[in-house]
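Structures follow.
One chain, subunit A, appears in both complexes that follow, with subunit B as partner in the first and subunit C in the second.
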Partner chain A sequence: MGRTLDQVRYKCALGAMQTVQSIERVLPILHAGPGCSDKLSTGNGNSGHFAPRIFPCTNLSEKEIVFGGEERLRETIENALRVIDADLYVVITGCSSEIIGDDSAEVVNSFRLQGKPVIHASTAGFKGNNYLGYEWILQALFEQFLDDGREYETEKGLVNVFASLPLHDPFWYGNLDALENLLADIGLEANIIFGYGKGLKNIERIPRAEFSLVVNPWLGLESAQLLEQKFGVPCLHYPNLPVGAFETSKFLMEVSEFAKLDVEKTKKLIADKESKYYYYIERFADIFLENRIMSKRFTVVSDAQYALALTRFLVNDMGLFPQKQYAMEDVPARHQSTIREYFKDMNYGIEAEISFETDGHTVHDEIEKADYMGYPLLIGSAWEKKVAVETAAHFLSISWPLNERLVINSSYVGYEGALKFLEDIYSVVLTRYT
Partner chain B sequence: MTIDLNSTTFGKREERLGSVVGYVGTIKDLASQSRCGSLKDRGRCFSQSSSCDAGCVLGYISHIRDIAIINHAPSGCTAGASSVITNQTQLASKRGLSYNTVILGTDMNESDTIFGAAGTLRDTILETYNRYKPAAIFVTTSCVSGIIGEDVDSVIAETGEELPIPVVPIHCEGFKSKVWATGFDAADHAILSRIVAPPRKKGNFINFKNFNESARDDIVEMFRAIGVDVFMIYSNTTLEELSHISEALATISICGTLASYLGNGLEQQHGVPYIKTINPLGVAGFETWFRDIGRVIGKEAEAEAYIERERALYLPKLEEVKAKLKGLRVVLGMGSSFAFQVARVIQELGMEVAYIASWHYDSRYDDGSPPPHVQYLAEHSPRDFNISVADQQNFEILNILNQYKPDLYLARHPGTTVWAVKQGVPSIFMADEYMSFGYKRTLSFAYTILDRITNRSFEKNLSSRIKLPYTDWWYRQESASLYQEAK
Partner chain C sequence: MNYITLKSPPVREERLGTGVAFGGTAGELRCAQREGCINRASRAFSQTQGCQFTLSLGIINSLRNAVIIMHGPIGCGSCSIGAVGASQSFKRMRDPNAEGLIWLNTNLNEADVIAGGENKLKEAIRYADKEFRPETICVPISCVPSLIGDDVDAVVAELQAETAAVLIPIHCAGFKTKAMATAYDDVYHGVLRHLVKKPNLREDQRTVSDDLSDLRRKYRDSRTVNLLNVGSMSRQDEAELERLLNAIGLNARWLPCYSSAEDFRYALLSALNVSICGTHDDYFIEHLKVLYGIPYVIDTMPIGRKNTARWLLKIAEHFDLQDRAQQLIDAESRELDEALAQFRPYLKDKRVFLGGGEIRVVATAEILQDLGMKVIGFKGHHYDRFAEPLFESLEDVDDVLFNVATQQPFEQINLVNRLKPDLYIGHTGGGNLSAKQGLPLLPLFGPTYNYMGYSGVFEVARRIRRILANGQFNKKIARHCPLPYKASWYEQDPFHYIKEA
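Now for the complex of A and B:
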């Protein structure tokens, strides 16, 4: 049978409007239906400078579906340039305009030829999901905005950083911030294009970076490889988003070695960071160890990024045992076997099973049948609330859709982030007693 | 216009109700054009993202408990499923009810756009039944299923024969209507044509069409006072309950935009009277509405007694706060009904309506009559004032606010309130449809306004630190300067 989308965990490729939205002063223009942006903007943090209700949209109606929408797109771009003040306008196309065969790229080109800052990405919803849409936006930026024959000189110590999916991952901002700080600690400057104070000037620095750092099991990898091909910027793929002392220290060492930094200095830094981290862990170990109800085994139902990151933290830092883990973002088949390996090299030879799914109902069936040797620890999204009640699990929602929790700029990344994660887990655990 | 329940499809609002999404004029002109049926839509050569009828359907039909909704669409069209389910679960738990409605999608992909996805749809319908055993399955359509010409009705007819529950299509292709409120009619059409049964006996209850029944307890008590029960639609209802709405004494509603199709449909098909007065917001609205209910169900004396008691309790308090609000200038941005109903309340409270932006505008309802709230406002306003039909266009609203510089901006629907605040204008987000319902809530609405305009800290702090996205050029233009001429 075809795919059943039961408990939707991703949006369509047009959801890449959120990728554009998270780059300051870069504005998406939608050549799409009137409701597309409305439906894709679920989640919080949507009233920034450019926000879904600000996005120009052709709001395709029956007339354009029948007679074509290219003229409608042309006048929308033309007026967007007059009405809204942006540094760059990114035209993204939805299902309707692509099925009816509008040549949006050509319309956009006519503006580029006049020197207008407009580029184009094909993001029809039926072509893929918003994770792929993110890559297509990055690639459009690299190919149409950067690759114009300019020469770029390398800036020593500058590192392009790509990690979480902007706006879709509730912690995207905090994660990038935490990675930026970790890199600064070892003397590298992160070049990030998403979030406050970044924007076009950082996009322009991308080809100058010494290397690109992709901190994700798969997302962003192919875009970073494109940078290598086009501009000769090498790529360090670090699959695991580092959470906690064990993984963060490993991350800092590996990046230091790749960047040929003074490794002794990094080791000193790590010793200081770990010392402070374990000051807290020591003080709160009574809560972690001397309670009647904390779980022994856990499951993460999220995207591959968190399935891996939180599994490694809970195993390698906290000494818990993994049940089956689930990556729900429709991970492209070509990445799956590599990602499976990442779940196999944990302390004491512990391995976790990772399942790539899109159907939440199947996942919940498995969770209900699994034996967690006590109360399960279930880390997921709003969809897991019900199965958590049914299995008496300790439940923490961390992934989109995240409906009953507000995340502004916090993160579980690094030494500090792990403490925040422990606060959140035990704030749930402490609501019960047995 | 007669509502035809034998077809799976129905006329969109532009055709049935002469609805428009672009107009600029005055309240008196709008009232007169509505009476003459001469209103013409004006398109735009620039627009910002709006909403579609499919989103409206998903949000609305999901109020019903223990059904399944299958969205025959690419994944993004179903992206709102979880937040909708969470909200409806919260509404149910407020009443101690369980909520088990599910929303699934067919996740249409590229090959589906070429070869069709009837097979996937069929499998998904059967699998959904096996997984959840819902009371019915509603299949909603999308732009993609519409453009590729998928024969959804046939798949539904076939699976409907195999399953012991109703399988019901809801046609809501996002491009079909420029008026997203057409989605309310799509949902109502499905319920009226496939769920509502002919009356088995006459009940002692009134249908009340609304959104989230936030004022439920007060409304139940109010109708108990005149000796009838109330059945709130659709929040927390079951299909079995809905099958009986043809047995009601009357249908009433909180919003003319919301209830025209169901109210008039029940009246035409099953003889249930539909109360068509102005809506129960503010004092005049409430009294007109409640008296008409009393008249229609033969409870005039009881209704009058209720009004008498409430007046004694609240009118003196309202007079007190009115003195403090006198003369404030207000701009409103709301739907086709609320915009004009809340404007009436504003005038009642002694404030001045400086401008109304209606998101869309229905120039008549399904019984053929022009919207009474616009006629009322045109007759009772101290002076004519400007209005537009602005389709939630943020750039137009900020331009209007910049031009009129009101003391207060009121909006329903997300997407403009926060922007008015960012531009330094005190604003109230009136998402709760009961915010100025009846005497008690009109009073609390008045105090909400007073609080809002008294403490302007948030807007002062925020607006002084941010830059708005629009160019100076745009602020120098008329708000309707990017409209096309009426055709």
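Now for the complex of A and C:
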């Protein structure tokens, strides 16, 4: 959608510099205007080893606009290789270099021919947002870094995992970590490229995986399908990020069946996990059952991933009712009808309405007019704070822009994650008593 | 100087000969500036910096009763996310009912790059005017509409007749300049062309005025100065400067940050425009002089006691109040000496590197010398003649190294690695890099701290004392988290990549 937007939930495609940044020792080189990185480097925990001020950038000026910026790019790559110590350099292009028609791919190819570890992705801001930019980076890695005619042998039990948008989703790290642990519990090894101790060695293992697991309603799916085409790595698309006992057990069963694991063993594991989970729930059941101020109805204003995951948890585990839900990351039209179906697939035939609206102001107008039959439970971003105050909602901020919380490596995924989610919700709810 | 008939102001490289790449001593730099040759250098390698678009937002995001329409693809202006909370709370220090920051983005996509973005902008302006009823709508124009040739001035001229809000285009495409401070000229250019006009006093008066109240108002205005605040100042800084002016019988009006539209009109009644930072204001106050005959003072920045005294005396001179000002300066200075005594033994001879805005780093160096500390290196975002007056408050800095670089931490890291200072004082955003060199760190500015005037000297001293007393966090992060530069870079001349443009 290309209309004017207020209180938007995403950045432009060049924001995919954060996808590159979240792969250890992989450095983005920007062929872009001087302020692009400054505009896009908001997020949680991005003063990492390659902080945005470290990124080399051609800082395009009038001179390059008039005479072309290819020489400037060549010089910048050459010197970046001399000054900054990285394993792989990813040249990403912004609006201005693409409008003036620089052939960045050609410049990058000349380095690759010399055996330098440089690849290229086209990420002009006018072409899409940072969710799409993430896919374009993944595809550039698969096509330019992995697809060099090598033969790869499959490693039994190795699973490529793609889930949340790195550095943009505040919980991206914790989510991947939690998924890695869940897979380990059923005897699979997660191959993740983002975060601590992963990096190039894991990228190189991607074609060796037994299958790829995409845990997101749509993000990453097309990239994983590319792996299937190029390297014959099959893809298991599991749309729902599992939160809570019911959904996590379902997830473990489905993955076990797909990977042809010993299902009885998984059932045993699930029984143990659920038993411990309900030990905690039992101890705090009086809070969940007998406080009279917790909301009955809720709205999630986030991306499709959380809209679906938290709706499923709150309905299927906690017995709440969904008001309208919002997936605001400009979900590509081709995925929307499938995603709508996911919101109809809940217990007792309960269904939720999902909106793909991208304008925050419009969403807030709808929330103000809706009847939540009590205090609304509103799960969103910093943008929802104002409407939360106006509607006296129980408000929990979980998505970008996240201004009033610090999330380091926690997650709402799995059995443990759901308990953390309940802690966070009730830490808001219980403030009504104080 | 009168550029007001142009659509956009000239860039500072041309107007002021501003330079953004230099490595050498402060003495050499000042000499190069005088000879007019510092704008001839650039870099063969550079890291990300800011652009005039992002810096423009520093002022316009603070305007009260305004809606900002970022005209560009969806990433442009995304950095404003971080300013949402601060913008709201600082506006409410002026007006408890002020709205927080409202900004829209015209969200230009591939089709717009081909067809042009003017219609989308029109829609956005109409929507903003109807939905939010602001006093002003600012339209910062990013690279894309500038490259595809959107005529934003024509759009504004067409729509101004139908909107209640005053429309202000800001020509701040990032590619146009590497001297990002041109942003201030862009904003003031828009403000001067569209917002500044004489207030209609007759309309503002509820009752028929009498001669006496007319005279009272005129007298008050003749004793009122416009102080031009900057985004890096705090309310405490403003309170301190206002205290000093009040003490010599002058009143202050604050512009432009956190102002509303009418503040720009009433400012025309004041007797004098006073710059706080030369990098910010020269374009605005020179034009106010040419267009409205208001005199101005642009000289030093009131950080450090010598600079504060000099700043105050320049203002006092205009009103013939030097004696009162001198009395105040003497009294303040005595009090400050007593207050600083407790810190001096801890701070003496400590070696400091300063990085940030060139005016601010040179001004802050005066506090350090006052405290008996040693200034061993500077890094300034850019350099031009407006830093010159500040050197007069410093002693023996001709041989101190001066790196002119907008961000470009690779040069600074190399330099700091050689100089081995005891403390780094720096601009926001680079802290995590300097900390990895194990250095204690004082932010060069902070919108919740006092740096200016006499109380500012005390506050800075107190904070340095605390920061030097426990630098463990930075030492430990340095031990565990190395910087990402190749070992060979530290052997290289820090200014190796500076070349003739």
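Rule of thumb we're sticking to: the second predicted complex is superposed on the first by the 430 of 434 C-alpha atoms of A that agree within 3 Å, B and C clash if a C-alpha of one lies under 4 Å from a C-alpha of the other, contacts with A are read in each partner's own complex, and residues count from 1 in each chain.
Assume a contact is a pair of C-beta atoms (placed from the backbone, for glycine too) under 8 Å apart; a residue touches a chain by one contact, two chains touch by 3 or more.
Since the structure is predicted, the reported quantities are computational estimates derived from the model, not experimental observations.
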Exercise. With subunit A superposed, do subunit B and subunit C clash or fit?
Worked result: clash
Exercise. After superposition on the shared chain, which partner residues are touched by A:52: those of subunit B (first), subunit C (second), both, or neither?
Worked result: both
Problem set entry | subunit B versus subunit C as contact partner of A:85, first or second or both or neither | both
Problem set entry | Which superposed partner A:401 touches (first subunit B, second subunit C, both, neither) | both
For this session: Could you tell me which stretches of subunit A are touched by subunit B in one complex and by subunit C in the other?
Result: 1-6, 8, 10-15, 27, 30, 33-40, 42, 47, 49-50, 52-62, 64-65, 75-76, 79-80, 82-86, 95-96, 99-100, 124-127, 129-130, 361, 382, 401, 403-404
Problem set entry | For the subunit C and subunit A complex, residues of the former touching the latter | 44-55, 69, 72-79, 81-82, 84-85, 100, 102-113, 120, 123-124, 127, 131, 143-144, 147-148, 174-178, 180, 406-407, 409-410, 429-430, 432-433, 481, 484-486, 488-489, 497
Exercise. Taking the complex as given, what residues does subunit A use to touch subunit B?
Worked result: 1-8, 10-15, 27, 30, 32-40, 42, 47, 49-50, 52-62, 64-65, 75-76, 79-80, 82-86, 94-96, 99-100, 124-127, 129-130, 358, 361, 381-383, 401, 403-404
Exercise. What does subunit A use to touch subunit C in their complex?
Worked result: 1-6, 8, 10-15, 27, 30, 33-42, 47, 49-62, 64-65, 75-76, 79-80, 82-86, 95-96, 99-100, 124-127, 129-130, 361, 382, 386, 401, 403-404
Seminar exercise, completed: The residues of subunit B that touch subunit A in their complex are 45-55, 74-83, 85-87, 102, 104-110, 112-113, 117, 119-120, 123-124, 127-128, 131, 143-144, 147-148, 174-176, 178, 180, 392, 394-395, 414-416, 418-419, 422, 466-467, 469-471, 473-474, 482
